[in-house]
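There are two complexes below, and they share chain A, which is joined by chain B in the first and by chain C in the second.
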Partner chain A sequence: MSEYVFALAVNGLVWGLIIALIALGLSIIFGLLDIINVAHGDFFMLGTVGGLVVAVGTGSFWLALLVVPIVGLLLGAVIERLVIRPTLRQASLTIVTTFGLSIIVQEMVRATYGPQPRRMAAPIEGTVPVFGIDYEIYRIAAAAFAAVCLIVFFLFLNRTRLGTWIRAARHDPETATALGVPVTRVCAFTFALGTAMALLGGVIAAPITTVEFRTGVDILPFCFMAVIIGGLGNLQGTVAAAIMLAVLEGLMTSVLEPTSARILSLGFMCAVLLVRPHGLFAGATR
Partner chain B sequence: MSKLEHARNRTRIDRRSFLGTALAGGAAYVALARDMSAFAQAGGPIVIGHHCELTGGFASWGYWHNKCALAAAKVINEGGGIAGRKLELVTEDTESNPAAGARKLRSLIQRNGAAFVTGSVHSGIMLASIPVATELKTVYFSTGEATEATGEKGTRYSFRTGTDTYGLAAAGAPWAYQNLGKRWTIISPDYAWGHSHFKEHKAIIEKLGGKVNDPIFVPLDAKDLIPYLAKIPQDTEVLFSVFFGALSVAFYTQAKSMGLERTMKMYSVSGTIEAIAPADLKGAAEGVYIVENFPRMVKYKDDEFHRQFVKLIGTDDVHAREVGSERVNAKSHSWQSYENLFALKKAIEASGWKAKKDDQGVIEALEGLQMENSLGFPQGAKTLRKEDHSGIIDCYISRVQNDELHVIKKVSKEELVTHLPPRFDLSRQAV
Partner chain C sequence: MLSVSGLTAEIGKVPVLRGVDLTVREADTVALLGRNGVGKTSTLRAILGLLRRTGGSVVYDGTPLDRVPTHRLAAMGVGYVPQGRGIFPLLTVEENLLLGAPAKADPQAREEIYRRFPRIRERLRQRAGTLSGGEQQMLAIARCLVMRPKLIILDEPTEGIMPKLVAQIRHEIAGIARQGISVLLVEQNLRTALRLAKRIYLMERGQIVHEGTPESLQADPDIVHRYLGVSLKDLKGARQ
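This part shows the complex of A and B:
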C-alpha cells in the first residue's frame, strides 16, 4: 500500500468536488431536457479559457470567477434557443447536435485563442503538508468553493420559486404547464444554468489544470461516468458518484498502474449498469 | 437450336469469360494509369505531400510544421524549383489521430499524386503511416521521436532528419548522469513515445552505473497529476519528464506546486516545452534542463542561416515567439518540415529523378546524404545516416533561466555519434 494513500484520498475528494460541479451541470440538462450534451466538456473548456482571458485582462482572478459564469448563463440561453430547442425531446438527435456544437466550439477557440496550452497562475499561493505531501492551498480553497456552490445550488433548487418550477418541469412538464409554469422558459434557464456551472467549474479548475482548446475532451467521460453511476438525472447521486469515483481512482492509482485504475473504474461502472441499470442512487430519480 | 437461342448463347457471359475480361480490363487500366501518371510527372510540378497535425492535440506544433514547410516551398520555388520543376506542396491534416492520419496519407499519395511525403510529428501517426507509405512505395519523412520509425518498424522508405528517443538519450543522458544525478525516475505519458524514452534512457543510465526507478506512466487524458507525482520516490536525484502540450503545462505547474524541484533536478526533452514559452508557465519551468535539437535563442547558433530562417518563419530571436502573436515555434521539431523539402530537393537533383520509376535513385541518394549548414539546412550540418536513415545532428543541453532557454552545452554530431551506433540496416532492404 502506498505511503501516500491518505493524501491521495484527500486529493480525490478535492478533485471530485470540482468535477461534481461540472457533472451536476450535465445532469440537470439531461434530467430536465433529456439532452445528452456531448459539448458539456467544451463549455468547461470555455470556462478555463474565459477565466484566463479575464484574469489576465483585468488582473483579477476573482473578477473572472464572477464574470465568466454570467457569460456562460447568457451563452447557454443563446445556444438553447438556436441549437437545442429545435431538437428538444429527441435524445438521439441531441447527441449529433451537441457533437457538432462541440467541434464548432473547439475549432473556434483554436482559431481565435490559438492551439498552444497555457497556465493560469493560482490566485492563492503556497502549500500545506497533507499526509506527507506538500499540497496546494489553492486546491483546498477551490474544493471548498465548489462545495459552497453545490450547497447554494441545492438550496436554490429546493427553496426558491424558480427551483420549484425546475423540479416541477422535470417531474411532469404537462401538469406544470397546466398550472402556469412557463416550461419553455424554465427549460431555457436550466440549460443556461447547466452551461454556467460548466464554465464556473472551468474557472475554478484552470489554475490546477491546463488551459487549451481540447481541455474539455478528456473531462467529459469522467463526468458521464458520474452521471451514469449516480443515476441518470439524479442530481444528488451525480455529486456523490463524482466524489466517490475521484476518491476511488485516486486510491487505486496509488497501488496500481494508471491504466489498471481506469479499467477498474470502468469495470465498476459496468457492474453498476448491470446490477442497478438506473444508477446507484436511482431511488431519487425524478 | 432456334436463331433466338443461338443469339442468346452468343451474348451470354459465363463466369470464366467475365473474370477474364475483368482481369484484362483491370490490368489495362492500371498500366494506363501508371503511364499517365509517369507522363504527368515527367515535366510538370513535383508534388510533395505534407502530412501535418493542423488540428487535434498536436495542433500547437502542427501550426509551425505547416509554416516551415510552406516557407521551404516558397524558398525552393523562388530559387528555381527542384531540377527546374515547380514544387507543389499539398497538405493534409492528420487531425492528430493515427487512424485519420493513415487515411490522409493514402489520400495524399493516391488522390493528390504526392511523389514524396514529409510527415507527422505524432509518433502514433508516424508508426501507422510507415506501413502505408511502404505499401505505396513512397518515401516518407517522419518528424516524430519514437525510435521504431527508423528502427524495428522502419523500412527502406522511412527517413528522419531529426533525433529519435535513441538519439536524444545519447545526446543528453550521459551529461545529465554526470552533472545532475545518478538515481533517476522517469515520468511520461502512457504511450509509444514515453515508453520509448524510458527504454532508451534506462539502458544508458544503467550502463553508466546509475539506478533507474520504476517508470511512472500517466494516462494521456489525465488532468490531475498529483496521484502520479506522489509516486515519485523520495530518493530520486533526477526526475526525467517526457510530456507534450497540455500535459506538459499540467506537469510543470503541479510539480512546482509540490516543490519537487527543491529535492531533485528536473530534466526533460525538448518536446516537453515545445511551443510553450517558459514565461507563459509563470516560473513553473524555472531551472529545468532540456535537450534541444535547435537552440531556441538565436545567439546560441549565431550565423546568417539561422537568422534568415528565423526571419522567414517570423519569430523573435529570444523566445521563438511569432511576431504579432502569442504562439511559440515548436522549433526543435518544426525545422525538419523545412529541411526535409531541401533534403528531397538535393536527393532528387543528385539522382536525376524524373518520375516515380526513379524512386530507387532518390532513396540511394538520401542514404548517407550530407547536408551543409546553409539556408536550406539552418539547423546545421548533418548526415542522414545510411544504415538507419536517421539524422546525425548537433544537439544542445539548455536550462530555463529567467524564463529563457540558455544553452549550457552543445553536443556536437561527432560527439553524439560515439554514443549512437546504428542498430538497424534499412539500406539492405529491397525497394
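This part shows the complex of A and C:
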C-alpha cells in the first residue's frame, strides 16, 4: 500500500512540474497583459498533438521537443498581434476573445487531426526501481526536463535584459515606456513565450497523457488553480502551488476517485481564497 | 530644444489640456506651476505621449513627436522622473539604474553616477523598494542621467520627501542644469521653483496663464496668490 501511495505522490510531482511550466506561461501572460487566457489549455493540447504528429512524422521525439515550442513562439506572436492586442487592457473582453480562440483551436484540431484520442509511445522505454517500485524512466526524465526548463525560465527572467524589461513592464508599463522599454514588443514577446511554454509542456506530457482535441479542457482549471493559489501574478508561488496541488491530488487518488480528488482540490482553493484572498504566497517575490 | 504649441488632450471625454504653449530652450530650466488638478502632470504626460494628444504640436530638437513612439524618446535624449519617482521596487537598484540605458551602457556615465551618488553604488544589489524616499528620488534622477539626456522632465521631485532631503534634491537638479542639460520641472513647492528655474509658467484649467522669470513673479504677489493660492511673504528670501 505504501508503495502505491508513494508511486501516486511521485506521479503527482512529475505532473506538478509539467503543470508548473504551463501555469507559469498563464501567469506571466496574466501578470503583464492582464489577460485571463481561456485558450491556454488549448495551447497545451496543441503541444501534445504537435508533439505526436512531428514525432510520428519524423520518427524523432527530440525533434518535436525542439520544433513545437518554436512553432508555439511564432503562433503566440501572431495571435498576440491579431487577437490579443486589439482588446488589450480590457480584461472582460479578452475572456470572450480567448474563449472564441479556444473553440477555434479545438475545432481546427478535431477537423484536421481527428476526434479520436491517441496514445504516444514514450521516447525512453523501461523502468527503474525507485524506493521499491518500478518507475517509468521517461516520467523521471520528463520531470527533470520540466525542472530544468523552470530554472532556465527564472534565470532568463532575472538575469537578462529582456527579463528585466518584462519584470519592469509588469510593475509599471507607463514608466517603463518612458524610460525606453519597448513595452508593446515586450508584451508581444511575453504572450509568445507563455504560448511556447504551454506547447513545450504539451510535448513533454504527450507520452504520459491522452492526446486529443479536448486535452486542454482538463488542464486549464488545474493551471488556474495553481495561479490563484500561488497568488495572481506570483511566479514562484505558481510553481509551488502547481507542485503542491498535483502531489495532493495524486495522494488523494489513492483513496478517492479522480473526480472526487479534483472536487477536494477546488474546495482547497476556495478555503485558501477565504483565508488568504490574494493566494497562499501573496506578498512574496513576484 | 522643446516647443509645445496649442497642446490639447482629454482623459475620457473630459478636456484636461486646452491649448498649452511652452518652450524649453537649450540649457534652460523651466518650471511649470499651478494648483492641484490644473493639468501640470497631464502636460508632461502629453508631451511624452503617455497621454494621447488630441491637438497641437510637440517638437523636440527639431523633430515633431506626432509619430515618435514614447519608448524612443529616451534614446533621443529625453529623461523622465515621474511623479512618485517611478521606481520598480522589486528590481535591484542596478536594474533600475540601467533599465533604459543602451545595451552597452557607457561605463564612464556609470562611474560619474556612482561618484555623484555614492549611496547608489553601495546599494546596487539591493531591492530598490528597500531604499528611503530620498534615495529612491536620487535613483530616479540617476536613472535619467545614465542615459546622458539633453532634456530632463521632472514631475514634482520634492513631493513626499523629508524636508532635510529637499535641499539635496534641489542641489542635484541645479547641478544637472549647470551641466547644460535642459530641465522642465513641475513643482508644487514654489520655493524650489523660484530657486531653480530661469523661467516659470503658471497653469490654470489646462492652459498657461502667465509666463515670467522668478524675479518678475516675486514682483507680482497678486499673480502668485491668484494662481497658486500662496503668499510671497512666506517665501521671502527664497532666491537667496
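Operating definition for what follows: the second predicted complex is superposed on the first by the 273 of 286 C-alpha atoms of A that agree within 3 Å, B and C clash if a C-alpha of one lies under 4 Å from a C-alpha of the other, contacts with A are read in each partner's own complex, and residues count from 1 in each chain.
Quick note on the criterion: a contact is a pair of C-beta atoms (placed from the backbone, for glycine too) under 8 Å apart; a residue touches a chain by one contact, two chains touch by 3 or more.
In this text the structure is predicted, and so the values were computed from the model without any measurement.
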item	value
Clash or fit (per the criteria above) of chain B with chain C on chain A	fit
First, second, both or neither for A:Arg167, with chain B first and chain C second	second
Arrangement angle, chain B at one end, chain C at the other, chain A at the vertex (C-alpha, nearest 10°)	140
Touch count on chain A, higher of chain B and chain C	B
Partner chain(s) touched by A:Arg276 [first = chain B, second = chain C, both, neither]	neither
Contacts of A:Thr253 with chain B and chain C, given as first, second, both or neither	first
Partner chain in contact with A:Arg85 - chain B first, chain C second, else both or neither	neither
Which superposed partner A:Pro115 touches (first chain B, second chain C, both, neither)	first
Shortest CA-CA distance in Å separating chain B from chain C in the superposed model	37
Where chain A meets both chain C and chain B, residue numbers	none
Interfacial residue positions of chain B with respect to chain A in the complex	55-57, 59-60, 62-63, 190, 217-224, 226-228, 230-231, 245-250, 252-254, 257-259, 275-276, 280-282, 284, 325-328
Residues of chain A that touch chain B when the two form their complex	2, 4, 7-8, 11-12, 15, 107, 110, 114-119, 121-122, 127, 133-136, 138, 205, 208-215, 217-219, 221, 249-250, 253-254, 257-259, 262
Chain A residues within the chain C interface of the complex	161, 164-165, 167-168, 171-172, 174-184, 285-286
Of all residues in chain C, those that touch chain A in their complex	48, 50, 69-75, 80, 82, 86, 88-91, 95, 99-100, 103, 143, 147
